[in-house]
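Okay, here's the structure, questions in a sec.
Just so it is clear, A, B and C label the chains in written order, and each chain counts residues from 1 on its own.
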Amino acid sequence: MNLGFTSTEWIFGTIILDRLNEIHGFQVVANNLGNFAMGAVLTLEITLFSLLIGMVLGLIAALGKMSNNQLIKFVAVAYIDFFRGTPLFVQILLLYFGIIPLIFDATPVQAAIIACGLNSGAYVAEIVRAGIQAVDKGQMEAARSLGMTHGQSMRYIILPQAFKIVIPPLINEFVMLLKDTSLVSAISAHELTHTGKMLYASTYQAVWVWGAVCVFYFIMTKAISMLGDWTERRLATE
Amino acid sequence: MIVVKNLHKSFGKLEVLKGIDCHIDQKEVVCVIGPSGSGKSTFLRCINRLEEAQQGQVFLDGEEVTAPNADINRIRQEMGMVFQLFNLFPHKTTLENVTLGPIKIKGMSEEQAEDIAIKLLRKVGLGDKDHVFPAQLSGGQKQRVAIARALAMQPKVMLFDEPTSSLDPEMVGEVLEVMKDLAHEGMTMIVVTHEMGFAREVGHRVFFMDEGILMEEGTPSQIFDNPQNPRTQSFLSKVL
Amino acid sequence: MKKFLSLLLIVMLAIGMLAVAGCGGNEEEPAQQEPAAEENTITKLVVGSETAYAPFEMVDEKTGDYIGFDMDIIKAIGEAMGAEVEIRSMEFTALIPALQNGQIDCAISAMSITDERAEVVDFSDSYFDAGLIIAVAADTEGIETMDDLKGKVLAAQIGTIGADACVAVQTEDPATEVKTYDHVGEAFMELQKGGADAVVNDMPVTAYYVKTEASDKVKMVGEVFQADDHYGMPVQKGDTETLTLLNEGLAKIKADGTYDAIYAEWFK
């Protein structure tokens, strides 16, 4: 069990580890790996649930924006414009301290998921809309010419094809969302960035603490992009 | 069977159809010829309302297709359409392309729809390609699947919009062969085409359109051997 | 996998070397420092402060200037010692790293002198005696001491001794939940919207907040505790020159009554 290193590399690594152990910042990071991991897990949880909400809202908003019904269209456009046109950080504070308390008692994590989900939905809506419009116009005509309703054509013909088109931008949104969840540390959701803030405030090891936080974020975003590449290959039919 | 009255269609300021009147009988094969931009395709697309005409009426078996309250989704089931660019569903296999309509629109059982689909695919000469995706087919094969897809809805009439125009020359024959068989079986067909040989051999009547007007109509021999309208004469002298 | 591990190792190593380089610089400096006797050569002080901690530091809504007790004190010290004062607004948790990097000369930000902080920075003489107090919603009964906070939801500002006190309660009773924020204002908002049972924070700040913002919604309970809490101005470890200036300035304004006047303006 040497993780694929040769013995020379292994000895070299051990020497480095000994040297690192003499540095205070390294010890701070090493002793808090469990805390970082817990923060990272919460970051992932917030991201996944937000994305789920975002995808549902995004699909509805995208269809709404393309609707012929002026009221539905107006609501969808207003939603998309607001959440794309204002900073997520401000939305988090507004929702957590201002709007959500009027409706129910939310924990910071619940509020974080709601805020990030609403924000993500607006971006997903534009991704989905672009995806639908990228499907060849002839597909809709072929479906309608068979006698399908607009809804059936969307469901069986357009959306399945749009889905494939939107996977790369959707993965990109997933990565952006994961990074953006760092902002919810402001409402005391104990995710990765908040873990970093707490540790930094008590140890002042800026480079080590924030460096470790970066490494954790990077591992997660890299894993998502790799998952995205894999999905894309699986879905390719041509 | 199909009656068209005073059909007008404009795209913005451009008037594409300037009042078309015609009728097509059951089991009749009508070929529509004419120069590019003459409004042939638009005429065809107005019949099943893929384009909405601004004025005029279309009737199918006495029912007004163009009526605002017409059940267009049901009427379209009775008018199969074949496109220049095939428009097969790329995410579905050949078989699924053909069974999708019967299952989702007519509520047919999967077994029954597949039975029909396999028979139709055999008929168009693609019985062995049922589990292949469109991307793996040649242009001619794609168009034959598209014909099978339209036939699966058991339409009363088939609309062909330049079905061979985007095919490589060596594949045109196989598609025309399928269409010829269909005509011999008594299917009512309206075919917008540049294949003059097909029009002459298979068509019962030929429409010559130019500048949004149905300039001349008649049997193939009337149109091809003895055209009366100077525009028809000039067009045919260029293409024949 | 092997490639990735190697990459990770290289990244860690690079970070490590940066940190080592940083530490080395700090260690050597004290030896080269010479105590500045009577001669004061500093003409400008760059001062860091988290300017969202009324009444010690805040932004004047009308003029946009930084105002507050701390601001008046540091300006008075600068005036007394003939040094220009430039305030740089930053997050509270960024103050000590900024000192270590030399981005600022000193900080004045209602910072309590603690052993942990004294290990990484040097503190001036204390210029304010504070202490912690518990604040609860106006209709809350039964919370008076730290013992009453066990099992409750507590709110505080990240990196403050109030937050340390909350964590100490949590260590005793793990059922306690601690919510921490970048600014104390958010902790008070959490209290007001019912997301927390109590805020633990510096008494003068809490008193000012209750008086000016929420006299009918928030109340202070119990006695001031950790009353040995003294505010000091941190400088980079070994920077005796700045330290001397601050201490001499502070002594001057205390002697000539300026300090008392400022104190009276903000707390009487």
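Everything below uses one rule, namely that contacts are C-beta pairs under 8 Å (C-beta built on N, C-alpha and C of every residue); 3 or more make two chains touch, one makes a residue touch a chain.
Because the structure is predicted, anything quoted here is derived from the model rather than measured.
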item: Most central chain, Cα average position; value: A
item: Top-ranked pair of chains - ranking by C-beta pairs in contact; value: A-C
item: Centre-of-Cα separation between chain C and chain B, whole angstrom; value: 80
item: Geometric centre distance via CA averages, chain B-chain A, whole Å; value: 48
item: CA centroid of chain A to CA centroid of chain C, Å; value: 34
item: For the chain A and chain C complex, residues of the former touching the latter; value: 3-5, 13, 16, 19-20, 23, 25-26, 93, 97, 101, 105, 108, 185-188, 194, 197-198, 200-202, 204-208, 211, 215
item: Contact set on chain A toward chain B in their complex; value: 136, 138-139, 141-149, 152, 156-157, 160-161, 164, 237-238
item: Residue ranges of chain B touching chain A (in the complex, touch as defined); value: 48, 50, 73-77, 79-81, 83, 85, 87-91, 100-101, 104-105, 133, 135, 146, 149-150, 153
item: Residues of chain C touching chain A in the complex; value: 1-2, 5, 8-9, 11-13, 15-16, 18-20, 22-23, 92-93, 96-97, 100, 116, 120, 155, 158-159, 163, 179-182, 186, 189-190, 193-195
